[in-house]
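Next come two complexes built around chain A: one with chain B, the other with chain C.
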Partner chain A sequence: MSRIVHYLNQFFTGVGGEDAAGMAPVSMPGPVGPGRRLGDLIGPDHEIVATVSCGDDYAAGVDGAIDEVMALVLAAEPDLVVAGPAFTSGRYGLACARLVAAATAAGVPAVAAMHPDNPGLEEAGGAPVVASTDTARGMGTSLPALATAVAAVAEGRTLTAADGRVGAVPRITSLSDRSAADRAVALTLKRLGGDRHATEVPLPRFDKVTPAAPVDDVRQVTVAFVTEGGLVPDANPGSLESARATRWLRYSLEGTDTLEPGQWRSVHGGFSTAWANADPMRILPLDAARQLEREGAIGRVLGEYYVTTGNGTSVGNARRFGIEWAADLHHSEARAAVLTAT
Partner chain B sequence: MRVGAPRIVPTRGIPYPTGDPSLEGDAERAWRRRLVERALEAVATTVHEPTVFEP
Partner chain C sequence: MDQPAASARLVHDVRAVGLGRATSYQGGALTVAGADAQACFADPSLASVSFSWSSPGDPTRIVKVLDAVEPRTAGTGGAGVFPGFLGPAAAHPPRTVHVLRGAAVVVAGFLPRAQEAVVDMSGPAAALSPLGATHNLVVEFEPAPAAPWEDVDVALRRGSLALAVLLADAALDAPPDAEERFAPAPDPDLAGSDLPAVAGLTNLQTQGAFKDVFVGGTSFSGSTPALLDPAALDAGMIVSGQFGHPSLKNPTIVHQNSPVVAALRARHGVDLRFAGLVISPEPVDAAGKERVSAQAAELCAAAGFDAVIVTKEGGGNADGDMALKMDALEDLGIAAVGLFAEMAGPDGTGPPIVVPPERATAMVSTGNYDHRLALPAMERALGGAELALLSVPATEAMELPVAVLYASLSPLGWGRLTCAGDAVAVTSNGEDVG
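Moving on, here comes the complex of A and B:
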């Protein structure tokens, strides 16, 4: 009998919705919520011995959260770790993906389930993830697929697209008995034959973003300002990178009406920053925002702005920044955001 | 449009998204205000796909 530890967010363990999204990780004995059905589906050879659950904001936004989750997971001595299904939920998907990556790195077989469009998917690295439906309405079909994948992973099998695998597959170097020229011609012939998908180098997919609902009355709401223009206090206290950023930062705008040259600068390495440094409000329009705030055209300008450098940033990091910004802003009083892009 | 941002206000140059160094001080500030006003109109508008709000 193999011991399985199942990861679910605060919603699926019944702790609560957004009100409980800040919950620190907890461990519960046995299967919980959808884990009960999953336990039935994976049969008597496997047992869900514990369920670890964490709030979405905590899991996606707190440094070291996944280490804490992993500590609880490992305390239950798992042979295998299962996470999700996370459907298209961004923070939840991010947590599931990071957890299976961490478990795999620690030598514990793991598998997660989420929709291929889940923005957290890439965080799994090469750890196995299988497809789920887009929403929890598809739980009934997503769980059997996950159960099948669990059985395969437990047997030590490598999951493939035929198992519903999604996301990055670890690159394995192998020698082909056909030359590159041969294979290129063969692929061309396949294309000509109508196969639009045959490839040896799958391209990254870009997300389709569902637009947020509009704000009812912008005169009543707090508006956040966000930029990928690398604008920081002159000393760059957070060491924001000029390219390939791995982080984003927040700086206070409280009591500030204008951004003066010499006090702020752009560290962006992808364009000449001469104009931005001569007038930092060419990157972050604080004077206009304050004017509109005083006139009552907007409720308030959020007390901090968010910044990163959008220059050669990996899609994975950019996606993570987006998820973290959304979670952070969701917690702030802001109900709209203006992002200036260079 | 290609990256799929739902609401887009086009501006005049990569190095100065909320400015235009070719304008004199007051004219540049007025342009910046126009851009922010347009962005506020955009967040108050229902969209179903990437949509451009010309300033």
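Moving on, here comes the complex of A and C:
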């Protein structure tokens, strides 16, 4: 019988919603909330002996929060740590990812579940994370997948994409029974046989961007501002998404020297927007741009800025936005652009 | 050009080693006379040299390892081996060579630009270096006062090659333990065969003094890609003077026994035709890399290769040479397979390749550069008293990335390290090295 400690945020342990997001970590005996169903699914070989829960703001925003969570987790003497599913919830995903990274580093096997677009995913480093659905509506399919992963991790198996693993899969150095040269010949014969997928090194594909030539004289040039910071008029008239954006928008800067709080806000879902909303020019520095314009350091600020939300945006959409922005700007008077990023 | 003939290695196994009054090879026992060895290194730029054997299983750590050479000769005095160094750079080097298998001449000590390189003769790192399994005659040296380092480098290279010949000469009259015969590449007997023509494309690191590779005695820097008769490798046509990137270097001994050539020879006439070998420099500028990559691919196309195995020497910038050549080959319809060491960070989650190919896809992993390994304490150190990287006594227990272990990520394919997990197509029955 292996002892499992389960991590859930304040919402899934029933403590509360955003009102309870500041809750410090607590430990509860046995399975709680979705942990009960998870406990049933993982069967009699494993027992959820404790559930540790923490408010999302506390877990993601307080220094040392994960150390506090880990202390409670270790106090329950786990053989294995399970976190989530966190779906696409950013702060929750961050906490789950950091917890499984910390547990793995401490030598305790661990696995988390979250949607592949969860912005916290990469915080897991090389610790295993399996996919969940994007929202809790998919709990019914996410928990069995997590239970299967728990069993695999408990057996000491390394999870792979076939197990629904998402995020970085660590490249583990090992000794093959054949030399690299022998394997190269075997791979050559496969490749000659028409197999274009056989490889020992699967790679992400990166775009290669050739920078534009420097601007001859920036004092003569109209400068555009573009941002992925999600900054829109307060009513968000274009319905810009807070994550996984599918669109970009254009808003006028004509006749204004400042972006007033309350009239503009960031809808970005990947970071706390409190400081951005307190001064929208932290996202789009119009005040500084206007000053440069007055001083003659730049020619002119383009009359419109371009905006999208860069938060879990698919590479495909991001590429499309870039292409469309470049084409659009090319037809404007702008000959330089400043991209502010968050 | 004449059609190349078959070539052969007469292999004499070295099973025991020692120092003695006369240099001899008898019944597998290799004895070296100190005076003979000293004579090889008589040079005004060297104040002194000393020699020690270290054998597999010894509690010895060799640090500051520079080059390693397998003893070979074609007749007394070498008779044409190591062309350009010990004799003229002949167009047709000897096709039959005597090999002292299981022995190596290893130069170890400080040279500028050389990066700390470690060989353990026992413990977990021994299996990761080609020198962990050979009896190594380690040459330590003191430069002459005021001698230019470039001259010291030249004297060490000439000396180690001469010593390698001296040792192999001792076996000229001994009956070989094995005779290895190789068909020429290309092989006229298989000219009409349906088997695919597969070749090697070996990039040589060419970055000037202490980071250079020599072909027929001359730096290959600035050269265009060229066909090289694989039999010339057996005669020592390629000699390393490249002392950077310890795990990613190709010492002379690995060129002499080119693993890709060996693997292709082993399948020749079975499921492929070993069709030849192209060598290319690794220019230091992007335009040069692009130029030689296009040239190499065109040469491979003109030679009628169906597939090419591409290898490199060095770190990230050499990945650029790999990627450009593999893409250039695929663009000409030639299947390209490349050997890459990964640089995925200590936890293995970083991007593994610095410059991946864009159109070619087939890559072999020779292991993660950043993978860390705990090495036990040793009783004896050769090459230096201190490990430069950590400024600790060289005999101490220490943790090192495999990046520091000599030729451990062999870009020429010697090693068995890999990061290929169970999610990839090519199998590896791995056991965790860490």
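Here are a few things to note about the model shown:
Here is the rule we use: the second predicted complex is superposed on the first by the 172 of 342 C-alpha atoms of A that agree within 3 Å, B and C clash if a C-alpha of one lies under 4 Å from a C-alpha of the other, contacts with A are read in each partner's own complex, and residues count from 1 in each chain.
Everything that follows uses one rule, which is that contacts are C-beta pairs under 8 Å (C-beta built on N, C-alpha and C of every residue); 3 or more make two chains touch, one makes a residue touch a chain.
Keep in mind it's a predicted model, so treat the numbers as computed, not measured.
By the touch criterion stated above, A:Val62 is placed in contact with neither chain B nor chain C. Judged by the touch definition given at the top, the superposed model places A:Arg196 against chain C, while chain B stays out of reach.
Once the two complexes are overlaid on the shared chain, A:Asp287 sits against chain B while remaining clear of chain C. By the touch criterion stated above, A:Ala184 is placed in contact with chain C alone, chain B being left untouched.
Of the two partner chains placed by superposition, A:Ala326 touches none, neither chain B nor chain C.
In the overlay built on the shared chain, the residue A:Val26 is in contact with neither chain B nor chain C.
Overlap of the chain B and chain C contact sets on chain A: residues 206, 208. The residues of chain A lying in touch with chain B in their complex are 206-218, 223, 227, 229, 270-276, 278-279, 281-285, 287-289, 291-292, 297-298, 336-338, 340-342. Contact residues on chain A toward chain C in their complex (touch as defined above): 125-126, 158, 160-162, 168-192, 195-206, 208. Note for the complex: chain B touches chain A at residues 3-7, 13-19, 21, 28-29, 32-33, 35-37, 39-40, 43-49, 51.
Residues of chain C that touch chain A in their complex: 127, 196, 198, 259-260, 262-264, 266-267, 271-272, 306-307, 309, 335-337, 339-340, 342, 344, 347-349, 351-353, 356, 358, 361-368, 371, 402, 410, 412-426, 428-434.
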